[in-house]
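Presented below is the structure to which this report refers.
Lettered A, B, C, D and E in written order, each chain numbered from 1.
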């Protein structure tokens, strides 16, 4: 009997390949992006998305990888930002030539250290107690921050000029695109580190704690230490993200470590999908773009966040990444062709109900909150009027027809899939 | 001890047909078929892990199942537990899930169906088991094991079931109490309530049952009268004895 | 601190604590029954205030006091039936996330309908007088009314749970839901009702607090976290614990304000009047911190300490 | 996965919003969501009313003005992000009004931006945030403040209180944060200097916008025997404490800086604090002011009942901008700044005002008014039937303080 | 030679209820020792006490001479005593291979390593392959644990206990819920993978017990009422009474 070691090596090689491909893709995309989108606004959007992507990835070490719901992850984003800002200010004051691009290292290490302390406090148990204790710690830090204006600034925060540290690595750090490169490199480093982590014994144990913390104890490990490590690592990477945000906007305020930051990262990560490594990145991009652009177009953007989040929680716990992955698997599967008419029907019905919902929500905002802007409004290209029954009926009917049509279509899809599975089984 | 005449048992009150059950992904019941007649005491024997408790829970609708469960001809499979309870099946679990923080009386009140007294009033219950009357207003949690067992049976009984399923009522009881439980069951059956009893103590089962089933590995491996089981030592050795 | 301040602080602590309890009672009821830490609870409170406002300006405050909680309760029941119950299969994390998203949506919906400005929700004329005067300060009758309602709710809840058949079913479902359903009680219906009643309690708190605090979209976010502190400190699921913790938080927050003390004063006692310059700005920050400023921090310190050292809370039985 | 990520980015990015190219763009960077959005809403109305009027008269040197709105979510950091977006959308003037913190962030951002992009500079307008540092230590050549700052208003308050010798016991009530602490210090310094006999019977610094029940504070004020409270609180804090005061029947007088803001009039009217709340404000918003009355009537007719006078800075900004553009004959940034320095105009209250060239601070008279139950048909606030009654006009020279700005000029 | 495991007057009560009422038991090194008893006798509680899941009220648990009573489960496992669970307790969303990897990490000294890739650890790979083979799960290596059949899950459950390298194993009803043929296979598997180790196991299938156990202890009502060879136990009237009720002879 020979042990099939070759299997492992083969798996290894294909794993290496499947690692190399994404790495290359990510690198190429990161290099291409600023060249494709040269405008300053695009670059600053990319910068924002980049920091949020790192932040969301860090959060997923807790939520996805270790199964821990933290309600206070924003704390470390904010603390990282403050550490970085103060580091820059101190270096400038002391006239030390520290390369600006390496400042996130300081923010990251600082947050990691603070995260280790917080992790020690919070990691006794998982689940609800963990969520509550992280909420408590976050509120504690946020409430205490106002007591120390010399560290946290007052409501105006602490600001700095990133150019004061001078040039390094051939970058002056004046133009936003210089910061883009810093963020891109740090994104690559953080994503790489976290990806590597997920492939190490510690990463494996974090998964094990997520799946069954008690059993981990009966294998000789301390679940608390595993949680603590996840908490500290997540805190450290969040600190890097916070530092980058500080370099990007050159100002850090107590808002950064408040509840809204913690909520945002939870939304991004969960909507993106916690079970795929790059799911949180997808979430950060989608939510980030919604936050930046949708807020200009619609007053209801927060409402859409909330509804999207509830949709994901109720219907698609795999998040957007899960939906995409399932979709891809479906398209590649043999059963796709016979299902496709029903799927198309579902897409139409779903699209109709979403469009109807959007119309109703936009009309409702225009009738209520934004009544002063006048009743006329254009939604999805349709000229509507918040005072016209016809407009409301349009949205309402679309929504109702869509929802009514969905039910039998979904049933038929189930039936079809069942039939396909049985036919497959018969073969 | 008189054994009732089999012929008295007409169309079955409860009939279970080819019942399969799963816990998560593990298949526990592999197609169980059995019947319980009106006023009949039927015992379900077998070693731990044979699937007897799962069978009771499946009938009660607490486990995902496939197959048919009929009470007086009415199909109950797939119904939620409280519907099945309303239909007339009572269940006394092995774990003796009394509500320890409530008083004895409160425990019994919870067993009553809303509106209308049935076959059993509170007084009937107290008559049946006088200790409960004396301890009516004490916390159920402080009762002895035997008293708790009585209470669980009475709590289900007061809900007026046509069929009562009892899981190992004599478990962990002192020998004196074991006998008392046996008598109680017979008195219940005497009022026309059918009993499906899961029991490990062969003696009790042989003593009070009209018919017996033996389960092993999620299937019925023997069906017959107590005498038939006494006449089948190989069944006892294979499926029951130590 | 003068005797007036102490007297007033005690009265205010109790009042504030009672308002918190009105809110926390529903939350703790829901948690103890369903294990759901309802992040949308404060949102139901807010919806209660808005419903109360709308109803009271049409048919008066006292009908609103009844109708608004009922409406909020129905809303809660619907949320349980069509939302929470469906995410139950994803475990408590899924339920928590659901309520989290719900809180988000409710806040937006409230803004969508009523706008962002505070609503002009007034104390009803019948209760708009001074109940009594103490040390020259009038005590508004409405606050007294709040106290009465809170105590009445506590008593009614305690009575309902302890003395009625429904209370027995609820209490038994808490520990043995399977057994209760096997005795013929529709436990999912019980859960739905409990969620509805819990939401209705929040709605009631909203109607009562609406005129006193300001009825505005941020009123949920302002009270949310402190509710969790109460529920955790009191002992998850313990009504009595929530009662005591509400009072405790009421006292902490009120007395922190009442105590005129700064860190500098403490140092002043030992003869240090200026912060040693060597320690820089941070120390001068600490120097200027007053007890009133620390007040909001204390509940969270309590929360963290409680979770670490006594996870079952003051009165809880289970960790 | 990556492909899909990238694809979604590309798709969304290409869907960028097209902007009209030929307008003069003013970007409002303010909280359009969250609790402070209610203030922004009011300001937006005021600004749009002023701009519509100007556009109707031909615009700025013939160019129509377009208002762009950007939600900074009440966060200074987000302000910087939105400022970049505003600039890329072609905005020439970035205006922020709500919260000094955001204004600081915007000024700093524009300072850096203009330094790094000398070919494409922009101007900051501060429409309502009143921290003296905006035109003091943090002043900028590129930024103009169109409201009186806290120090000026405090000077005015001090001058009024000098005549109120009946008040000797005063309680200080301020929130944490720079706005509260600087105002508190200014009050202690200036009012203290004007009225050395005043005893500070209380001095609370409370958490900002976190307190839901101010009754304990009111009890303290009552117990302290204060005859007056001076507070720089705003928004919910102010509304809640006035409500609590009304409920407790506290008969102390309130001297406030922000009681014209949204919610406060409603709270005051509800609490029945008739004539007890004073406002130290940029102008005479009182019922006696005829000039304002005409303006308000037109405004309220157009926007549905709310008052414009609560936010005079935004109207001042547009008026000054119009005059400056006319004077410069150009809408270019350099020319506009040069013309804005020292520009003279009239505020909505009909008072003369000018922008001081040294620090770009508006200089105008101010008023102390109190909130009373006004006769039917008079100017009321928030539909309460209550409105402002002027008790004192403080001339501009009384509140003009020495310049502390060391402005870097290009 | 000391016993592998010795319990001295071990007691556990939950509130007023005594569950374990003074258990004395010794398991010799290398012995296969079965623990039987009716439901509710406290067998699982006893296992929980030994493995550190709950702490005893009083008494001693000597593992190779050291008192381990009150220690954390992880400490006990590191000392060389590991267990399996009656209700399958594996990592449901991880693959079989990952399950086993977790289990061998501590033994091989990799512990909380975060600087090496798991796939690069040759010793882990070899050990897991060996275990997969022994457990008969090689073809299922990349399937998630929750997709396994019940007997496969039980095999993995056993595998996790064995993989930790402990030389004393507590197996709690390893065959619970299996069909007859499955039980046979499981028994052979257990015999194979526990070769040379000390074994204390709870089991209900008497066929299994008599086939494999060197000695049997009977736990009734929180106390050990008998210990002996299978034959001794079979002949013990007290045991028969505990199991089948009073006076079996009379009924027969």
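Note that a contact is a pair of C-beta atoms (placed from the backbone, for glycine too) under 8 Å apart; a residue touches a chain by one contact, two chains touch by 3 or more.
These figures come from a predicted structure and were not determined experimentally.
Among the remaining chains, those touching chain C and also chain E are A, B.
Counting steps between touching chains, the shortest path from chain B to chain C takes 1. The chains in contact with chain A and with chain B alike are C, E.
Note: the chain lying farthest from chain B is D, by mean C-alpha position. When the C-beta pairs in contact are tallied for B-E and for A-C, the bigger tally goes to A-C. Measuring from the averaged C-alpha position of chain A to that of chain D gives a distance of 36 Å. Mean C-alpha positions place chain B and chain D at a centre distance of 77 Å. Averaging Cα coordinates per chain places chain A and chain E 43 Å apart. Not a single residue in chain B touches at least two other chains. For chain D, the set of residues that touch two or more other chains comprises 41, 176, 207, 210. Annotation for chain E: no residues touch two or more other chains. Contact between chains, using the touch rule, shows up for A-C, A-D, A-E, B-C, B-E, C-D.
Contacts from chain A toward chain D in the complex involve residues 22, 25-26, 29, 33, 36-37, 39-42, 44-45, 48-49, 143, 146, 149, 153-157, 159, 161, 163, 174-176, 245, 249-253, 255-256, 260, 276, 278-279, 281-282, 285-286, 289, 292-293, 295-297, 299, 301-302, 321, 324-325, 372.
Residues 67, 69, 121, 124-125, 127-129, 131-133, 135-137, 139-140, 143-144, 146-151, 259, 263, 266, 270, 300, 302-303, 305-307, 309-310, 313-314, 317, 361, 364-365, 368-369 of chain A are the ones touching chain C in the complex.
On chain C, the positions that touch chain B within their shared complex are 165, 168-169, 171-172, 175-176, 178-188. Contact residues of chain D toward chain C in the complex are 34-35, 37-38, 41, 176, 202, 204-207, 210, 212-213, 215-220, 222-223, 236, 239-240, 243, 247-250, 262-263, 266-267, 270, 382, 384. Residues 2, 4-5, 8-9, 12, 15-16, 19, 111, 115-118, 120, 122-123, 130, 133, 135-140, 142-143, 212-214, 216-219, 221-223, 253-255, 257-258, 260, 290, 292-293, 295-296 of chain C are the ones that touch chain D when the two sit in their complex.
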